[in-house]
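Following: one structure in structure tokens, then a few remarks.
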Amino acid sequence: VVDIYGKRIVIAWPDNLVENIEDISIDAKIRVRKPYYLVSNEWKSGKTIVNVGGVEIGGSRIVVAAGPCAVEDEDILMEIAKAVKRAGASILRGGAYKPRTSPYSFQGLGEKGLKILKRVSEAVGLPVVTEVMDTRDVELVKSYADMIQIGARNSQNFTLLREVGRAKIPVLLKRGFGMTVEEWLLAAEYILSEGNGDVVLCERGIRTFEKSTRFTIDIGGMVIAKMQTHLPIAADPSHPAGNRDLVEPLALAAIVAGADMLIVEVHANPSKALSDSEQQLTVEMFEKLMKRLKAVAEAIGRSI
Amino acid sequence: VVDIYGKRIVIAWPDNLVENIEDISIDAKIRVRKPYYLVSNEWKSGKTIVNVGGVEIGGSRIVVAAGPCAVEDEDILMEIAKAVKRAGASILRGGAYKPRTSPYSFQGLGEKGLKILKRVSEAVGLPVVTEVMDTRDVELVKSYADMIQIGARNSQNFTLLREVGRAKIPVLLKRGFGMTVEEWLLAAEYILSEGNGDVVLCERGIRTFEKSTRFTIDIGGMVIAKMQTHLPIAADPSHPAGNRDLVEPLALAAIVAGADMLIVEVHANPSKALSDSEQQLTVEMFEKLMKRLKAVAEAIGRSI
Amino acid sequence: VVDIYGKRIVIAWPDNLVENIEDISIDAKIRVRKPYYLVSNEWKSGKTIVNVGGVEIGGSRIVVAAGPCAVEDEDILMEIAKAVKRAGASILRGGAYKPRTSPYSFQGLGEKGLKILKRVSEAVGLPVVTEVMDTRDVELVKSYADMIQIGARNSQNFTLLREVGRAKIPVLLKRGFGMTVEEWLLAAEYILSEGNGDVVLCERGIRTFEKSTRFTIDIGGMVIAKMQTHLPIAADPSHPAGNRDLVEPLALAAIVAGADMLIVEVHANPSKALSDSEQQLTVEMFEKLMKRLKAVAEAIGRSI
Amino acid sequence: VVDIYGKRIVIAWPDNLVENIEDISIDAKIRVRKPYYLVSNEWKSGKTIVNVGGVEIGGSRIVVAAGPCAVEDEDILMEIAKAVKRAGASILRGGAYKPRTSPYSFQGLGEKGLKILKRVSEAVGLPVVTEVMDTRDVELVKSYADMIQIGARNSQNFTLLREVGRAKIPVLLKRGFGMTVEEWLLAAEYILSEGNGDVVLCERGIRTFEKSTRFTIDIGGMVIAKMQTHLPIAADPSHPAGNRDLVEPLALAAIVAGADMLIVEVHANPSKALSDSEQQLTVEMFEKLMKRLKAVAEAIGRSI
């Protein structure tokens, strides 16, 4: 039994255990054609708006979240936050828990980073999105952040998905780089099936044979997802780029293809960043990006 | 020795046979850092404009080629050609030789198709781009077409690349679906190394694990190619889509990311087409696409 | 500071925070050429033997773990366990916590399943390997199992990797289907860096464009991993197969290419299995597989 | 109408043009479930044996073709040919026409190379397989070679496939690195549909995100192909390896998974080879490989 979008729903599934199916009400014994149900726009036709600290994602206005890859220092973050707000960003991003390929790389500041994020957020007036990596940290992160990010490497960490579902906080769900569009929708279904309908799906590039970019942004897959679901769609142009010169064309491409939100890495001094230094935009590049995004958004009948 | 862009060039390569290197003039004994040379914008900084029957590709104006997947019938082609011209297309596309996965599928009309293309081209006033698949057909196709297309499956058919290089006719070089960006540039280098500098590189989607679209359009790879070469870049949004509803978002994405040309499949009655019926646009959809393309092109300071 | 393989080690890393580097002893200030260190056979040249309830993995004898995809029922598991032991398996596999793509699929019996596994393990005399999905469950699973499996979808769940590192129990680390060989070794490095050196790396297929098999078993990547590390290498021929007729050829291929262990799905009645019914072997097929494995193992100078 | 395997066949296809279907005899108006027909083992159940200069491919005995990547010099080729024959190879390989990614790399000796191949072949007593890249060269290559290779980059060069079909000479058809198993079978169907039934399908690695090997040998896809067709299956362990240390494990894996033939690059002095120097085996490595292949072949009830 799920309480979601003001409704009480019971979902039956062909291969559920028989004992689970017994206590199911009649109207829910629908044999759905697709493996996902609550995320499908066949079930909920109107677009869902996700409210993050007063910022609405999924409406006509395109939302831009910006900030450094990782929270490193309060002064630097304050400088970046003010700059991205001035340029038009409406959400601040920054990692306190960093999923790093190597155990010897900088792993983030943890709760210290969350506290910095919170203070900067309040000082500058931008809600905050930050990543959580462990089921045990969900409540802690929720107490500091306005939106929780599930990163690409945890996109099929099903116990974590259930936990953020139960936490009832807006979730930015990155697509795993080895994940199909259907699996991505099913990962969101895990969150919704716990009663949390505030999910934004974020394309961030898949892994392909092509290595001239860090990942291959799957614009077509993003469009397919948008055709299937009522949830808002975001794009992260920074991670597939792997190189700051590519961020702008990928961001523009995502917007005209239908993205409702962008999440962009910006740093006051990218070359000194402790992670992802190659792909973080300078503040000047971000300002230029925002101008071009505004022009293109207007051309497709949206705003930023 | 290559005569290209008004210059006479001799290229030396580290692993060339010694006897070839002996008769090389001094200024060409450059040890290039990249495996390609003539296509590189380190060698030729200004953007190359490719002139196809009076239509300039690579300038500020974005060029749209449109038409059916295959030439099937003169009346139908005439109807499509008039419609796409009215909507703003400036080149007519249509296949007379069709590379089909199965030997039992419709293989195209061959020379009969070329003749139809030529008559329609002249009647409507649109130059023609059409595919060639065999070295023995290059001269024949050249006598009917304004631009020759090398399809994805022949993108590393090196003897065909050399032959169209020698034919000195504009070439639309599709990227193979299993080909890296570097190999794509090297395929173009084969054509340029025969003295034909009129090459347009066309991204048409790569093969990845994601199957919700027919191919994965590699917007990032297209941008990387554009950063490396002086040659114009095109995109084919129809083949990666595999579904006509995806063509518009992919076309818009390609344009804002920097494509100089689009090649779009349009059919008067797609459901009756002998090939690719799922992905060809109706005339009405193409008209709507052109309107949105114009708005977006203006937003990035270009025209259509 | 890591205590591993009877040594006390301090590892310095170029991009570590300066405050961490300060308290480092001299002999560890090695600038390693590769991003991983403890898993590398440049550091530890002798092959590591992992002991799982008395069964040695990594020696001349090839170890076969077999059992159902999921623990469903005690009687069925007992029947399967006896059969696979009789056929030559030396470890019992079976999932109590199942990572399922859909939240509505059978999710495993949880602790009830662990208890069944433990009783069957003791009755039949086979140590048990089973998966853990949540950091909060590691201690519980450890109290029932002889070896913990980290599944493909959690292969970059770094907090879980650290937790099984601290648990000091043998770990079967599946390679993620979107994970490079280097990232796989780095995932193991997370476990070793917590002082747990009992890790077996398990290839289970990567995601590629080819869809005639469920995943593409990467025999070459498995060989590369074996060349780089002192840890034992396993292969799972069931998941890439996705079809029981393919399990035998893939298992044989993995063995001759150097796998030290196989983990195979076997069910008494695969068509009634609650998950992966297509790829589980029948007992008869498993007996035939073991005979062929023995013949091939001998041909390469090993035993089963 | 196709004359093949001693039968006269007419094939009808659902989407054929109506005018083509008219002159078709009744017994061939079969609506096949799969897109390929002549290559299918549903149509021809017995395994096909392809005879190459007296060497039978597809029987119980596994055939090994070996030789240098490219023909460079008659003395070197003679030395290699004698060595590989002594070690147990029964076919000589060597390229006269080389498909090279760069136009400036060594392109092969052309007809001069074919003549060297022919003389060495006759002197040593090994039939020859060599690649053809251009429809115009098929007759020439046929006059020197016992088997024609279609390389990975020409695997969907359909006019070339038809031409070697008409040439009625044994064909080694490499799988393209971006090609599905179904497309590979359809490429063979092109050759068979011209009446040439002597085709051996050769797996040589596909392109995936994993870059620790040059290509990813698709053992599973090779097994699927073998399950679908009556044609013999070969494997090329050299190109996916990209590194000579990987050739042996990949060769062994291919054999136990069911390959009927191997094609291996061997050079008397690999470090001086004009192409693929990293992956060619030394003669000593090839001798060791042959010994291990023999042991493993016997273990699966075959011989070499």
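The chains carry the letters A, B, C and D, assigned in the order they are written, with residues numbered from 1 in each.
The criterion applied here is as follows: a contact is a pair of C-beta atoms (placed from the backbone, for glycine too) under 8 Å apart; a residue touches a chain by one contact, two chains touch by 3 or more.
Because the structure is a prediction, the values reported are computed rather than measured.
Common neighbours of chain C and chain D under the contact rule above are A, B.
Although chain A and chain B share one sequence, what matters here is the overlap of their interface residues, and that overlap exceeds half of the numbers used. One inter-chain figure worth recording: chain A and chain C are separated by 31 Å, centre to centre, where each centre is the mean of the chain's CA atoms.
A straight line joining the Cα centres of chain A and chain B is 36 Å long.
If you average the Cα atoms of chain A and of chain D, the two centres end up 48 Å apart.
Of all residues in chain B, those touching 2 or more other chains are 178, 206-209, 211, listed in ascending order.
On chain D, the positions that touch chain A within their shared complex are 207-209, 211. Touching chain B in their complex are the following residues of chain A: 178, 180-182, 205-206, 208-213, 216-221, 223-224, 227, 240-241, 245-246, 249-250, 252-258, 292, 295-296, 298-300.
Those residues of chain D that touch chain B in the complex are listed here as 11, 13, 15-17, 35-37, 99-106, 133-136, 153-154, 156-160, 162, 176-179, 183, 186, 189-190, 193, 206-207, 274.
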